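In the two complexes below, subunit A is the common chain; its partner is subunit B in one and subunit C in the other.
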Partner chain A sequence: MTSVLAVLTFVPLLGVLFLLLMPKSQQNMIRTIGILTTIIPLGLALMLYAGFDSASGDMQFVQQLKWITIPVGQMAMAINFEFGIDGLSMPLVVLTSVVVAMASLVGMKIKDRLKEFYALLLVMEMGMLGVFTSLNLFQFFVFFEFTIIPMFFFMGIWGYVNREKAALKFLIYNGVGSAILLIVFAVIFVNIWTLNFKEITMAFTDPNSPFNIPNTMGYLSENFRLGLFIALLLAFAIKIPIAPFHTWMLAAYKESNAAAIMISSGVLIKIGGYGLIRMNAAFFPEWMDKLGTAIAILGVINILYGAVLALAQNELKLMLAYSSVSHMGIVLLGLAAMNAEGFQGAIFQMVSHGLIAALLFYIIELINERTGTTDIRELGGLAKSMPVLSGVLLTVTMAAIGLPGTSGFVSEFMSYLGLFNAHPIIAAVGALGIILTAVYLLRSILGATFGPIRETHESLIDARSYELVPMVVILGLVIIIGVYPALLSGPMQETLINIVPRIGG
Partner chain B sequence: MNGDSKWGVLGQYDWSIMAPELTILVFATLLSIIDLLLPKKTDRRIIGVLGLIGVIISLIFTLSNTGTQPASILADMYRLDSFAVAFKAIFLTGVAFAFLMSLGTLDKKDVHYQGEFYYLLLTALLGAMFMASSADLITLFIGLELLSLSSFILVGIRKKHIQSNESAFKYVVIGSISAAVTLYGMSFIYGLTGTTNLYLIAERLGNVYQGGFSYIVYLAFFLMFVGLSFKISAVPNQTWAPDVYQGAPTPVTAFLSVVSKAAGFAIILRIFIIMLSNVIDIDPTTGEMKSLLVDNLGLYIGIVAAASMIIGNTMALRQVNMKRMMAYSGIAQAGYLLVPFATFTVLLFEQTLFYLIAYLFANMGIFAIMALVSKDQGHDEIRGFAGLFQRAPLLAISMTIFLLSLAGIPVTAGFFGKFYIFLSSVARQNYWLAGIMMATSVVSYVYYFGVMKQMFMRTNPNGVNKIKVPPCIGIALVVAVVVTLFAGIFPSQVIDYLHNNFLFENMMQVAEQVVMK
Partner chain C sequence: MEILANAWLIPLFPLLAFVIILAFGRRLKESAAIVGILANAASLVIALLVFFERFAKGAGDYLNSSFEWLTIAGHSITMGFEVNQLNAVMLVVVTLVSTMVNIYSKGYMHGDNRLHVFYQYLALFTFSMLGVVLSPNLLQLYIFWELVGVCSFLLIGFYFYKPEARAAAKKAFIVTRIGDVGLFIAIALLYWWVGSFNYSDIFAAVNSGTLLSWQITLVGILVFVAAVGKSGQFPLHTWLPDAMEGPTPVSALIHAATMVAAGVYLVARMFELYLGSDIATNVVAYVGGFTAIFAASIGLTQRDIKRVLAYSTVSQLGYMMLALGAASAAGYISGTFHLMTHAFFKALLFLAAGSVIHAAHTQDIFEMGGLGKKMKTTMIVFLIGCLAISGIFPFAGYWSKEEILVATLASGRIDLFIAAVVAAFFTAFYMFRLFFLTFTGPEKVPQGVQVHESPKVMTYPMIVLAILAVVAGFINTPWKPALGDWMTQGMSFAHGGHESAPFWVTILAVGISLLGIFLSWLMYGKRSISNGNTARAFGPLYTLSYRKYFIDEIYHAIVVVPLRALGKVADLFDRYIIDGLVRLVASFTYGVGAAGSRVQNGQVQGYGAMMLVGLVILLITALVAGGLFVS
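Presenting the complex of A and B:
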């Protein structure tokens, strides 16, 4: 059981190895291997969920191995290889394995370079799982890069006309983000001599630690911490993305294939939120508290800006991209609340939006594949020709709007509840976003599914059986979380109790 | 042997420590004689094979010297210490790669004088080895000249090729000017101290500096540094690189970009660290003592590093020719390699060597693949790489690994090398340099990934026929991939090896002295 996380993280590589041995012509075999390999981490993740001790706020399933030591004079700087999960990362590990397993079904449609498709998908899965299971900054960074580089190829090889440009934009924006991260990590390393999350948290927050006693050798000044805090915020702002760093996302969502968008919107942008909690909030609680208002305002800007622009889009994919910006703003609101409800709301929103966005993009791509367009003006009445697909689309749209009984409701409710306690006025302004969300989503989705239908769209094939799998699975999870949120909130309580009180919320 | 032998004082020296150089000298002489005796029509590859054997023997001699006590003969004109051993191992490995590359791709129609080609590579190597293994300005300069003169001819060896001639001419002119500038700087040092021995200079220069000659010391430093920046193709002496790289045969380009550059770093580190180890700057108002090299000159070295990174990486963006792109990439890499020297810490040697190892294998791998691709396509343009993944998947994947290493992406040697370098600049709170290093790294993604874009996302208009990989290039690539990944995944093994076997005894003491002040 001790190495379950290492197995979980690296098992996709095993699939890659099998794939490399397969001849190119064996398309069905390649698909089977690719899809089955994503099932293993999913199974392991569910096993972890079952075996998770909700009464503990500490890291669980911890495994530590020696990796790198850098001798410096008589001393040595150590970088370990260490895995573990707590109530914060566990939901994201499950989310990752679900989204990747569903995205692997996109491969059913891919005929060109199938082997590379699954190989890259699996390498990316390893990267994402590694990001959430790493216990130190260096390892986090290594896996973080393992999500970016394969995604560059993934976007650049399968997609639409301008895919190469979009992939490069993705690479550069995320490259800047990771460059900033590396600077911060190196600064922390040379000052505190450790990269471990827990040890860094102790060093920065324990009143007895030598770094917190003014006028001593090791003291790290408030401004120094503020610098690190802002650098981290900037790096994660690109990832989330916080406006105005969202342009990479527009190009990426418009030009790439369904699997790339599902993974990017479902998991990758959540790494930003994860980082904000794991690093910003845990390492620098006092600055998180002081800058809470600023973060709340950033969140509200994201919500309103995303919503207003989503309202103006006729292109469904761009509408959803802006809607992602808007929905990720809610994560920021939850964080800015600095209390247990808010943080819980933020994590709920990450999981919930991850599932909902992945499914929305999946369905939009199915429509695109059948009709050849995602422009609302050219669509309409799809419910007549594709009742099942349109039905699922409408249901998941309701979840995105935040209808009670879906995960979207729980997460928005908790985020706003948290923020109303802390910053009522900002929360009230932000709540406008809820109305706008309903308007733009209903406008575009209803526009596509109801109304007059084009002749060419009258005899479209409804969802095929394998296309139903992601719909059923994700929609099922969205509703289960909505009806019984304790499934998700249970394991995270103790972890949040570890993080939140330091912030003083 | 004793002093009474007919060799006099020369007989007392332990010449065995010079075995690596003597091996190369013997082989170079042997090869030139064989080349004379062989009939004109005979294939000269045999000379290449013999040369490679010589390089490997010399490498074995060199590595057998790891961990031994420093020794010197000829009054410090020749020194054998860890510093020398480490750099010589890098030169020899680099030249071995150049040989493998030449044996695999060199075309008789293209390079007519193959015999000369192989033994000139050896004499150039010999020059580089002397540069690493000497603590005297005279021998250092002679090593430098031997390397330069041999490379001038190598660059222009395609006698009937107009571009090759042009680049050789540029190389000679700029090379001679920078050699003259270096020598001019050295002459000031000699004038101030009356000696060419670096350790004696170190003893005397401190007092000279205090005695009111500080400006001349500065002047000498700048002259020498600017002159030597030619060898590492750093700003302000980087302009030759793209033209020369483009005109030279690919194995020679590879040699210039790795061995010649590493030799430049060897001489820069050796000269300045020893020479300036005792030079202290005393603040007239506070009386605070500062090391000239670490606290004052670090800024200028940092500026040179930053300028190289910025110019190299931005100019590389616009290139369509692979060799020119690699030239600019090399300028940028020289900038990264100067960072440890600019932000002087006790990690200096390990950082520089680790990064040089990463750079060596990645660059050699790229040039080997490039030699194959340009031979296949008939040109050196980046678009020649289009569709390489369909044509030769293993080549494309190896190329990706090398490019990722140069771009500094985990889990390659280049990533850890950069991270390692980065630590010292952050530790010295040199945030601006660290920031420029990271920012330009991101810029470099555009052109490194541009090549990958060609390989994986485009198709080749000339068809999808497979590329045949000659066995010697295959060996070179396997070694390069294995080292690049191994050093990236288990950097500790490499660092430990460097740390335990290369104590950099005297150099380290000097460096520590410098840091302490």
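Presenting the complex of A and C:
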């Protein structure tokens, strides 16, 4: 078990290797390899879940591998591969492996450049798994880049008319974000001379650390920390995205292929939330606390702004993009609460929204593929010709609305619960989002599936068996978490207890 | 074996039925109905056993709250179930009406190729409704509360291809959700103020003073907001009449007997909290009393048989709230008692209306007439329902409604007492207006339509409910208030003696109802007063009532239109201001990039040099920002 994380992270590369050896014409073989390769990390991730020690709040399955040494003056600075997961990253690792495995099924429809499709998908999977399992900033950054560049190509090659423009926009935004991250990481490194998360956290928060004692050599001033905090916040704000940095998402979701959107909305944007907890909250708890009100307000703006805009969209994919903005606002609410309830809500919301958004986009793309449109004015009554697909769509919509019995409710509930202690007025204003979410989602989803059907849509094919797989798997997880959330909350407890007291909320 | 400890079996059967029909529905086809009926019958049997054990044998309350559902910060939130007097009654009411509706639907929905879907939703609803009733804490109640809401939504939208059904389903979901946010916030506040969602802990906090009085008031009002949404009280009543787009058996079960009464149940379950706040009970009483007369006045002029019944439901639920708002043992008893009797006679009325619609193929009462000759059973049971809801001695409604009037009078709210009496007059009038227009007079149904009595599978359930509409009241008579005494046993607000009802209240209540029936008979039975003339005589008042006080139009103007406009404005802002700025920055960058591209001459050395420059810039920036140069 000791090397399981390294295996988990790099095993997708093995699939890439196999794919490179395959002749282009063997499309079915390529699909089989591509899909099967995603099953391995999924299996390993589930093993991690099973083997995870809920009684411990520390990093588990820790492993170090020698990587590179950089000469720094007289010393040799070693940068190692350091893998590990705790109650925060483990759920996200499972989420990643699930979403990628489901997204791999999108390849069933791809005919053009199929090999590249799976190769890029697997490289991205490695990048995402690496981001969540990394224990140091350098490694985090390298894997982070491995999510952005392949995604750029992934969006640019398979999708709709304006896909290249959309991909470029994605790249520019995310490039700016990673440039900021790089600078912050460099600044941290040259000041603290370590890249390890735990050591950085100790350096910034341990009262005995030389960086925390005023009037000594290494003392890092409050303003210096604030600068880093803001820079990190900005980088992750682009990722989540926090309005007004959300417009890359609109183009990207409108123009790219189903797998790209599933991965982006399912996993990539969660890196933003992950970073806010792993870095902002862990390194600079005092600023997280002081700026709690501001973050709560940003969260409420995201929720309401996203919801009002979602209400104005006729394009289902744009509606869902704004809905993502709104739902990620809930993550911010949870974080702004500065208590265990809120943090747990935020993590739950990341997992829950990851699953729900991935499935929603998947189904919308199935509709697009059959009808050639995602404009609700041109749709309607689809429940008649596609009862199963529409039924699943309506169910997962209910999960997005936050219906109890689904993961959506538990996440939303805990995030708001947390905030009601810290900022009751802001929370009450944010609660308007609970109503608006129902308004815009029902308007658009019922608009597409209920009401009279168009003649041309009367004999559409309902969900095919392989299309049912993501529906059953993801919906199953959404419901399991909703009915018995202790399955997810159990492993988080000790980790949260580790993180939260430092915030002092 | 102690049956109370096995009360969890009651919701289990409908859940199983749901799963079976979900999995095998397409193969089961019409046998799905059998699955639904059997599951409900099984639940009914156990519910009766539980009630019997609790009522006759006087077993104590049962509480099991040991299932660890979620842990937060090491603190575990548990789920479970409880059996007490209040929910023992509710269990019987829900399973009984549900069983009858399940049987009835087998006939009513016969031939519908989505019958299995109907039974699937129905089973899920019954499961959820029983979940609401059995919940030992507010969070669990909320979970099931939302689930019944979604079942209601699905069933209202059962004929999903009709635009009206889609609109009604959406409206029901959204309007009730507005109310639900109140409960959501109340639960969140209680978590921090009390540290528990359990009813017993909340009441303990109320009684011990842990909860300050403003907190009690706030929580009470927030909880009541949810009850207002669910129970169709003013101003969130607008969804309930539209909900009549659903199949009629659904209207009987969900929108008359059970789910809409959940709001009343919630207030009753939280009664000990309400006793701690005069402001909250005043709100409950006045909203309830106002709704009772307000909705009744709309019912006077509607033409759609189901809508009249819907407004009548709203009005009757208002009576129940009014009773609970009295904040006395008498109010508690009469409110829940009326919930029970109303469930029977209103379910009956809806099923009978369904039978009429089934035969006449119209819902407009002015297109019916003379149906009684061919539909004797339906006419008789409908008449029983009308007499019961009008509060005529000795039908079920008489006992419960009179108790409400007595409790209201005792609470000293004379204004509400008068409103309730006037509403009773309206009720008798519009119910018999329905009766006379539908069953008596000349036949109006067009030649082609073959009017016939409904099959036995539909009439038998109606007969069962009709019997209950006659006898159910005797469980709690002024001289032997068996139900009331039992319901308040062990309650903090129980009191020994029974409220002595002034005899004139009975005379007044029955008298005013008889007057309403008489007037109705003059206008629609004997037809000696032309209703066209009456409508003209009342002019604007008639229009106001017929157009439902323009509430829908007002909401459209002050909520829907501004929200849409806001959406449009925000969309333009996002498109042109925010993304416009982005494009501006991008085009600037592009300019720089174009200049930079001249540097890209394809020589590897050149790239290497550029990279070095970049790295140096980066490092310098880092060092400056890092503060190393500033000491």
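Note that the second predicted complex is superposed on the first by the 502 of 505 C-alpha atoms of A that agree within 3 Å, B and C clash if a C-alpha of one lies under 4 Å from a C-alpha of the other, contacts with A are read in each partner's own complex, and residues count from 1 in each chain.
One rule holds in what follows: a contact is a pair of C-beta atoms (placed from the backbone, for glycine too) under 8 Å apart; a residue touches a chain by one contact, two chains touch by 3 or more.
Predicted model, so just to flag it, every value in this text is computed and none were measured.
**Q** For A:I269, is the partner it touches subunit B (first), subunit C (second), both, or none of the two (neither)?
**A** Touch status of A:I269: no partner.
**Q** Using the touch definition from the top, say if A:Q493 reaches subunit B (first), subunit C (second), both or neither.
**A** second
**Q** Mind working out whether A:F153 is in touch with subunit B, subunit C, both or neither, as first, second, both or neither?
**A** In the superposition, A:F153 contacts subunit B only.
**Q** One more residue to check, A:M279. First (subunit B), second (subunit C), both or neither?
**A** It touches nothing on subunit B or subunit C.
**Q** Please indicate which partner A:W67 is in contact with in the superposed arrangement: first for subunit B, second for subunit C, both, or neither.
**A** First partner only.
**Q** Would you check which partner chain A:L105 touches, where first means subunit B only, second means subunit C only, and both and neither mean what they say?
**A** neither
**Q** With both structures fitted on chain A, tell me whether subunit B or subunit C touches more of subunit A's residues.
**A** The partner making contact with more of subunit A's residues is C.
**Q** Where does A:L171 make contact in the superposed view: on subunit B (first), on subunit C (second), on both, or on neither?
**A** first
**Q** For A:I183, is the partner it touches subunit B (first), subunit C (second), both, or none of the two (neither)?
**A** After superposition on chain A, A:I183 lies in contact with both partners, subunit B and subunit C.
**Q** Touching A:F141, do we find subunit B (first), subunit C (second), both, or neither?
**A** First partner only.
**Q** Just to be sure I follow: which residues of subunit A are touched by subunit B in one complex and then by subunit C in the other one?
**A** 172, 182-183, 186-187, 190.
**Q** Sort out for me which residues of subunit B touch subunit A in the complex.
**A** Interface residues on the subunit B side: 346-347, 404, 409-411, 415-416, 419-420, 422-423, 426-427, 431, 434-435, 438-439, 441-442, 445-446, 449, 452-453, 456-457, 490-492, 495-496, 499.
**Q** Sort out for me which residues of subunit A touch subunit C in the complex.
**A** The touching residues are 169, 172, 182-183, 186-187, 190-191, 220-221, 224, 227, 243-244, 247, 250, 305, 308-309, 311-313, 339-341, 344, 381, 383-384, 398, 403-405, 409-410, 413-414, 416-417, 420-421, 424, 427-428, 431-432, 434-435, 438-439, 442-443, 446, 449-453, 484-486, 489-490, 493, 496-497, 500.
**Q** Enumerate the contact residues on subunit C facing subunit A in the complex.
**A** Where subunit C meets subunit A, its residues are 68-74, 76, 142-144, 146-147, 150, 157, 160-163, 165-166, 169-170, 173-174, 177-178, 180-181, 184-185, 188-189, 191-192, 563-564, 566-568, 570-571, 574, 578-579, 582, 586, 589, 618-619, 621-623, 625-628.
**Q** If you look only at subunit A, which of its residues touch subunit B in the complex?
**A** 67-73, 77, 141-142, 145-146, 149, 152-153, 156-157, 164, 168, 171-172, 175-176, 179-180, 182-183, 186-187, 189-190
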